[in-house]
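Heads up, there are several structures right after this.
In what comes next, subunit A is part of two complexes: it sits with subunit B in the first one and with subunit C in the second one.
Our next item is the complex of A and B:
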């Protein structure tokens, strides 16, 4: 396969990679930060394990959104089906652009959500009965990851190959 | 993401803050009828170890040790807490110099929970191995030892070391790179300066004496404080009213113990916002000082009850709690 002749599919694949890579990295960092806080609380009070685990997992969703967009991109260009379609350079670039929102927003919101989750774990450490409220603060950050997912999803779906 | 290195430590401290005594618990402790009952109360709250639960000193010392054990375990860089270990370190130096000069031996006058414990400090001073001391201590140790040997003036030796301690605290605060530690160190020096001014006034000391005892700081102006101290106690209070320590002026007019109490309360007030920090060293410092204040308050209550003080007299000395 000549890469120069198939630049379209290269761009499209790059789009899928951006979605999975950046959103996944954001989640990994976010879950990592929250995990440190969770470990701190469980060291002193193991009975709070379940509650802090749930909060720790909240920044993990960006990775899943990136995976979803990566997945539909791959099936759109036929790579998942076994036979790669003939994607024009302009279509490939369009797909790359469509993947950017979830990639970039996923990275930044994952980190931000991780920090908020770590702070919320502090609430659970001191006032476990306020678990519901503590969950809401990191969940607010999630809104923007979902908005980015929505746009990336609609855009990738809407591009005609 | 450089600011996330305290995430684990802060979360752990958050979990530990739950066990700190609130004002309500201190009230309960106050309402105990005897010292033994009060001691039993704190032991039931988990204080001390299984052994020696009847000796208040052992219980309180163990609590101090526990606090430092936690901080050393969780802090990614314990050197920022140097500021807090300096008073004990310099106390050990002072005690060692006096022991060497008087050739008396009192093992109980040293602190062992600091970077250079009593025994070692004594050996260093005895053998004059001042290079083994931290750089900020070496010179003053040598000078103070020689001064005491030549003049036999214990007070002169004390003020030399105390001033060096204050200067080292301020320097360590600045070098820590953490605004909260810097602020804490500066407050500590300012309060020490104010105390020196008040005591010098009471004992009629000269301006030169005060100048040789006080250390520079951002909170108060040493020269103005000295002038006020020479003029009178009221003038000290008046001067303080124009600084960040205005409320201390009121406490100063009330009584010496009210002023001491105000000093501790001010530290706690300054540190209280750290309860809402999630990613800095602040909550660790807040916890450390909160524990120190808590232990001090329990000690005041226990000794007050042991010596038959009235509840009112004890209450006057009780500090504000962190939680």
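Our next item is the complex of A and C:
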């Protein structure tokens, strides 16, 4: 298979990679930041483990959204089924562009959500009864990842090969 | 759908009934003590701080004893211990334990003492071990490690810096104290950093020799021993053995006392309840013969309680309506289904005075949206079954926990329904299994449609549900305005907005943008199009003119109105926010399919089947957990931010009655009769 002749599928695969890679990295960083705060709380009060763990998990969803778009892309270009389709260069580039929103927004919102989650864990440490509100702040950040996911998903879904 | 109406109850009774009445109130737990009477020369408050502190101390003592028992003999707890709730005990049993409370307190103290002694013994062992450590380098010495003398000679011990050997020491002596003759230096042992030595010399030379050596870093050992190091060490070791034996003995003693644990728990509760009682006692104004209790009581309980009290005791019970400006504590009262959402409302904030309890209306949307976000029939069934089983299995579960469990049960049912509508069962497990193991692909048809095949359709429906949700919120705001008689507010803040928004929506529906999103063409008759435009314009103009109606300055008023009109963008973002209904539903379905796909990639043999099962269980557990969390968080967000934002502020105080605030066990309630 000559790469130069099949640049279309390379671009498309690059798109899937961008979605999974950046969104996943964002989530990893976010969950990491929140995890540091969570570990600090648990050293002081182990009984808060379940609550802080839930908040730590909140920035983890961007990775899942990236995975979702990556998966849809792979199945779209037929790589999952074993027979890669013949993707034209323009379709490949379209798919790459479609994957960008969730990749980039996933990365940045994952990091931002991680920081918010770390602060929310601070709320749980001092006022555990305010857990419901603490959980809401990271969820506000996630809205934008969801919007990016929607656009990426609808775009990938809508591109004809 | 209601906040329970509160009244003020005031009880004036004779002091001789004080104990009985207070205890009755505490065991009923329907009155929140709140005093309005100030102290004066007739009514004084009693100082009960001392007794209260005494009971608190007793309660803490019992709790510490329980903690110590848990440390020595951990209680066997099941995974679901936190769901079990408090135990229920008979009144007689509580009485029996109350009667032996002095003995039990002694037991609690003894447990505390034993634990303290154990820590002392532990510290002693550490100390002895340190001594042995410092003795070890001298172990080969066969004389006691203490300066000693014969008639003419003397011996002394000490350490020098590492690397020193006998010759160096002789060199130092010769150089620094040339007068000394016949000194004998023995290296007892040497370590990389330290050399241990014994020096024998003439009695009169001891001082000179030591001074000479000190200039090269000599130091006497910090501890002298009257015995030969080897024997000394044996002695220390036997002391350690004694300590260990004592510790074991203590541990056994504590273990023997562990059968008192349940009693101690009830004891701790008993003292806690008494401390609470004394705290209240300290608040009530008392004259020479009488006392007054005043507080909030739910209206439904007031007649019952006042009837009972006046019948049984010589007292005056006065139930009156609250003052206009008084902010009553809040209890929510809802139908059994909606009551399960009360916890969610509480976590946002209870309704403020004059606000509507949003629980009932919210409960339907809550369950509806939750199901849509999770939208997998199998996941929904699992959640519903698990919650139902737990509620059945642990009838003593705490109220709050039970409400959450019921909430998730209803949400699970809703998820089941949405899953059937969308054809999701563990994602696409039926397709994958039938294709992999039976060779033919069987697809369970969706009752409505498959979101993955037609995402735009679901997006339109998500936004539609959002608009309905938001309009209901705005409608409630309108209802509240009308209820308070603010017709002007109702018209300006609600009706005008409805006009503008409905007009805008009607203008959007026949447009090309909507046609391309929904893939359907809506053609309105011409009069409706004109009407929509007129409605929107009228609404917009009205908002610009009326929003700043409190301002006199016309320019400022128009500016404020124009700013308020800008809120249209807020409405747009609120509606778009409901697209998460689609996104989260897709996330559950697609990730479930990814898991199934991973499982099916393995060869079709025994190992493949086992691996498939493992991947299936682990993957779907993870997916269920993370999406359950997501659905919960985002449903809350839609309610709190989008829905409540339209009409609800919260900030009411919860009703906090004077009751038996136990930690471990509740006593069976005697009925009011």
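In the analysis below, the second predicted complex is superposed on the first by the 161 of 161 C-alpha atoms of A that agree within 3 Å, B and C clash if a C-alpha of one lies under 4 Å from a C-alpha of the other, contacts with A are read in each partner's own complex, and residues count from 1 in each chain.
Please note the rule applied: a contact is a pair of C-beta atoms (placed from the backbone, for glycine too) under 8 Å apart; a residue touches a chain by one contact, two chains touch by 3 or more.
Quick caveat: nothing in here was measured; it's all calculated off a predicted structure.
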Simultaneous placement of subunit C and subunit B on subunit A, clash or fit: fit
Touch count on subunit A, higher of subunit B and subunit C: C
Contacts of A:45 with subunit B and subunit C, given as first, second, both or neither: first
Partner chain in contact with A:119 - subunit B first, subunit C second, else both or neither: first
Touched partner set for A:36, first subunit B, second subunit C, both or neither: first
Touching partner for A:72 - first (subunit B), second (subunit C), both, neither: second
Which superposed partner A:111 touches (first subunit B, second subunit C, both, neither): first
Computed vertex angle (subunit A) for partners subunit B and subunit C, CA, steps of 10°: 50
Overlay on shared chain A, then closest C-alpha pair between subunit B and subunit C (Å): 8
Complex contact set, residues of subunit B against subunit A: 1, 4, 7-18, 74, 278-279
Subunit B partner contacts - residues on subunit A that touch it in the complex: 29, 33, 36-41, 43-45, 48, 111, 115, 118-119, 121-122, 125-126
Subunit C contact footprint on subunit A (complex, rising order): 54, 57-58, 60-61, 64-65, 67-68, 71-72, 80, 130-133, 135-136, 139-140, 142-143, 146-147, 149-150, 153-154, 157
Residue ranges of subunit C touching subunit A (in the complex, touch as defined): 344, 347-348, 455-456, 459, 576-577, 579-580, 582-584, 586-587, 590-591, 593-594, 597, 626, 629-630, 633-634, 636-637, 640-641
